[in-house]
Every structure is written in structure tokens, then in C-alpha cells.
Amino acid sequence: MNRLPLDTATRIVAAATAKATEIGQPMNVAVVDDGGHLVAFARMDGAIKASIDISIRKARTSILMNLPTSALMDVCQPGGELYGLEQLSGGLVLFGGGLLLEVDGEVVGAIGVSAGSVEQDVSVAEAGVAAL
Amino acid sequence: MNRLPLDTATRIVAAATAKATEIGQPMNVAVVDDGGHLVAFARMDGAIKASIDISIRKARTSILMNLPTSALMDVCQPGGELYGLEQLSGGLVLFGGGLLLEVDGEVVGAIGVSAGSVEQDVSVAEAGVAAL
Amino acid sequence: MNRLPLDTATRIVAAATAKATEIGQPMNVAVVDDGGHLVAFARMDGAIKASIDISIRKARTSILMNLPTSALMDVCQPGGELYGLEQLSGGLVLFGGGLLLEVDGEVVGAIGVSAGSVEQDVSVAEAGVAAL
Amino acid sequence: MNRLPLDTATRIVAAATAKATEIGQPMNVAVVDDGGHLVAFARMDGAIKASIDISIRKARTSILMNLPTSALMDVCQPGGELYGLEQLSGGLVLFGGGLLLEVDGEVVGAIGVSAGSVEQDVSVAEAGVAAL
């Protein structure tokens, strides 16, 4: 059973890029499956190139940690319980923009958005989640 | 000046996946810009996961070598002039499925297709190029 | 169309090394194109070897983030919005010395300078930019 | 004592690029010191991007192996004594285009040239050596 078909991933990316257009911030948008493997990706015109890797890695981080990426920020600060986590498992992202995609309480994948402020990234990722 | 806008890249991916559907072989399709940076990607339902990396890398190889990836196969064989090339420049792909995207004789990006036989990969990549 | 020919990159490196000579601090100077790929590089006599990688990576960071590298320092501090950014996209540099090269408002490449104090690095990079 | 000052490295690169211009094949030219660390680099207009890494690595391979890169080709073939060598020491190049730079019988650095046929690469590297 394919729990995150390309059709669905494409719809999620389209919803996210529509939101990005609405707020006037070009974005990189990545959708991965429940194994963290890329399904669909789009770099909007003008979105920074560093965020290609960051958006894909945000989605992958969400799958690997089973959390939104923003949940990692506090615990990874100096003095925090998971200080240094970001360099493990091939490189994790600590700031917001990665969200789980769930169907009936089951994780089917994740979305990662990057290129704007963290608030913008999260807002665009949420628009993607809402399209699921 | 954006020489390979997302709209164009998306159209190329759609043409490639349409061809893949026609021949009954699900594919990974990646489009990169003229610096080898990802613009659009789609993994069709059922396409193998190894080919996520392979398709992106095929497109990147075409940009870095300024050639279709198939041009590298013979010269990199044991005894060939460029034996060992595949492990350089971050890892290059030697078999077919990576093609340059050119506008008015100028390279604007590349497409990489992977998951089928090499012949199928090339055929699907050509369908993508034809949509440019 | 080559938007950053070797002639231009060489002139930029020469202007930067002239400035470095003037301030008495040997430097590594790297110029990359708009895809972050190296075009010209010089290590002045006495410049530290670690800065070979750092100068190239500063230029590449500017391209990937579309910013001077110095813009990243504050937001990547513990508690900052992009804490952990430096280990993404293949490794980014957070301190000054990487600057964009622009022609008619369009980014054509970037310069990275390293081996002195950050203030010296920035000053030498600015001399390179001024030669464009 | 600096046995390969930037002035010398720049002269070597200039001689190599002059030869490349003469034979009509744009090249990437790298000069490293006796530790394998980059001193000077130039990518001529039109030279392929994959050869940025390959030229630097050819020069570095010559230093690490204390040989011209072409000397590695036969012994690294399937059945050869050093089969698999190319993936060691961070990645070595087996084909020609990397040559040692020697002064009074002492190695002071190496040159690596890449982007043409191996014969062209070697010819351009030799022009660089001759300028020492």
C-alpha cells in the first residue's frame, strides 16, 4: 500500500507553493515518504539554493525524529539535553519548517519548507499539511 | 534572469512522467539548473528509492561534464581513458538517463531519469527534453 | 553566455590580493560563479592552509544563501532562529569574508576571502568586489 | 622557506592556460604545494565544471603518490596490484594530467590539468611544468 502517492505529494507541494506565492516569499518545498525518501520537490523562482538541501533535510528530520523540526530547537541548545544532535543521523535541522504528514493518526510522510523566515517556512509547510 | 523557471521544469517533469506511464515503467525524474542545483523532482508510485539519488546525480553529471551521461560509459571502462572518473566530482553516473537541456544552443539545465532499464530511462529523459 | 569570465575573476583576485598586500595580511582569495563553482583562486605566501577551504566555502555560502556570509552570524547563535544552519548544504560559513558579485543587479558570482581577522577578510573581499 | 610562492604558481598556471588556448581546449588548471594544498587555480571560459575537482585532485594525487597520475592507470586495472586504489586517501585520479613540480630534484608541488582529452591534459600540464 502506497500511503503517499505522487498525486498526493504533488497536491501538497502545490498548496505550499500557492501559500508561498500569497505571502510573496519564494520557497523550496520537499515532500518525503515515511522512510524519509524524496517523493516530490519544487524550487520556486528566486528561492535560495541553500534551501534545496535544507528543505529536503527538514522533511527527513521530521521522519527520523517523528516530530516537527521546531521541537528540536530548545533541547539542542548549549546546556540542552540533546546538545549536538544536529550533526547525527546524517545531519538534522533544528529550526521550524519540517512537519509530519499524517493520515488517520498514522505518519505517511513529511513536508520540509525553506527559504524564508522560520515563521514563513512553518506557515507554508502548514498550508501543505492542510492539503493532505 | 532565470533561464530555467519552475514552470518550465515542471512541464519537463510532467512530459517525462507521461512517457513513463505510457511505457509502463515508474520513474524518478529530476531537473537541475545550469549550476547542477535541483529545481523540480518527482518519484512516481512504485519507482525504486535508489533512483532518487541516481536521477538527481545523472542530471548533475550532465551539467558537470556538459554531456549526456551515456557518453561516459565506454571511456570509463577498465582500460578506458577515464577509468575511475565515476568517483570524482562528488560521484558521477556513467550510464544513460542524464541529458542536457538547451535553449538556443545554450545549456540552461539538465534532466536525469532513473528506475527502469537504461534504454527506458533515456527514452523518458528524451520526452522531457522534447517538452522544453 | 558567460557572466563571470576568467578574465574578470582574475582581475577581482588581483584587486583583493593587492589590498591584502597593502594591509600586510596574506590571504586566500576564491571567486566562484553563480552556481557556486570555482573560477579562480590564489593563496598568498604565508596565508594559512585552513583558509583554502574556508575562502572557497565563503564564496559558495554567499551564492547558496544569496547574502554576505556575515549576515548569518547572529541568526545562527545559540537561541537564534537558524541555530545549526552551518552544517547544512554541505557546510556553510557564518562569519564575514564572503560577498556577492553583482552586475546590473544580477548575481554573477561571489568572492570569498580568508586568513586574517574577519574585519581584514571583509575589507579584502570588498576590494575584490570593487574591481568588478 | 616557501618553495612554491604564489608568483611561481601563477606563472605556471599562465603557461598552462596559454598552451590550452594554443590547442583550442579550455582547461581547469590547479597548482598545489608539496603538502597537496591549493596555491593557484583557474577555470578557463568553457571548461567543464566536473574538472574543477578533477584538476585539483590530479595535482593532489601526484603529491600523495609522488608520481605523475598516469603512472597509476595500469596498476589499478582489474587484476592489477593496486586495484581499488582510486577510492583511498580521499579519492585519487588514475589518468594523466597530474605532474610533479620539482626544483633541483626536490618536489615543491604539483600541477593538475583537466577538461580535455587525457593527451591534451598532459600536454597542457607539461607546459605548466616547463614554466617552473
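The chains carry the letters A, B, C and D, assigned in the order they are written, with residues numbered from 1 in each.
Here is the rule we go by: a contact is a pair of C-beta atoms (placed from the backbone, for glycine too) under 8 Å apart; a residue touches a chain by one contact, two chains touch by 3 or more.
For each chain, UniProt lists the protein as follows: A, B, C, D = PduO protein.
Quick caveat, the model's predicted, so the values are computed rather than measured.
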{"item": "Chain at maximum distance from subunit A, centres defined as averaged CA atoms", "value": "D"}
{"item": "Same vs different contact residues, subunit A with subunit C, by half of numbers used", "value": "different"}
{"item": "Chain centre separation (subunit B, subunit C; CA means) in Å", "value": "31"}
{"item": "CA centroid of subunit B to CA centroid of subunit D, Å", "value": "29"}
{"item": "Distance between chain centroids, defined by C-alpha means - subunit A, subunit B (Å)", "value": "25"}
{"item": "Residue numbers of subunit D (touch at least two other chains)", "value": "49, 52"}
{"item": "Overall pattern in which the protein chains touch one another (line/ring/star/complete/other)", "value": "other"}
{"item": "Each pair of chains that touches, named by its two labels", "value": "A-B, A-C, B-C, B-D, C-D"}
{"item": "Residue ranges of subunit B touching subunit D (in the complex, touch as defined)", "value": "36, 61, 63-66, 78-79, 81-85, 87-90, 92"}
{"item": "Touch list for subunit B against partner subunit C, complex", "value": "1, 33-37, 106"}
{"item": "In the complex, subunit A residues that touch subunit C", "value": "48-54, 57, 73, 76-78, 86-87, 91-95, 117-118"}
{"item": "In the complex, subunit A residues that touch subunit B", "value": "2, 5-6, 9-10, 17, 35, 37-46, 49, 52"}
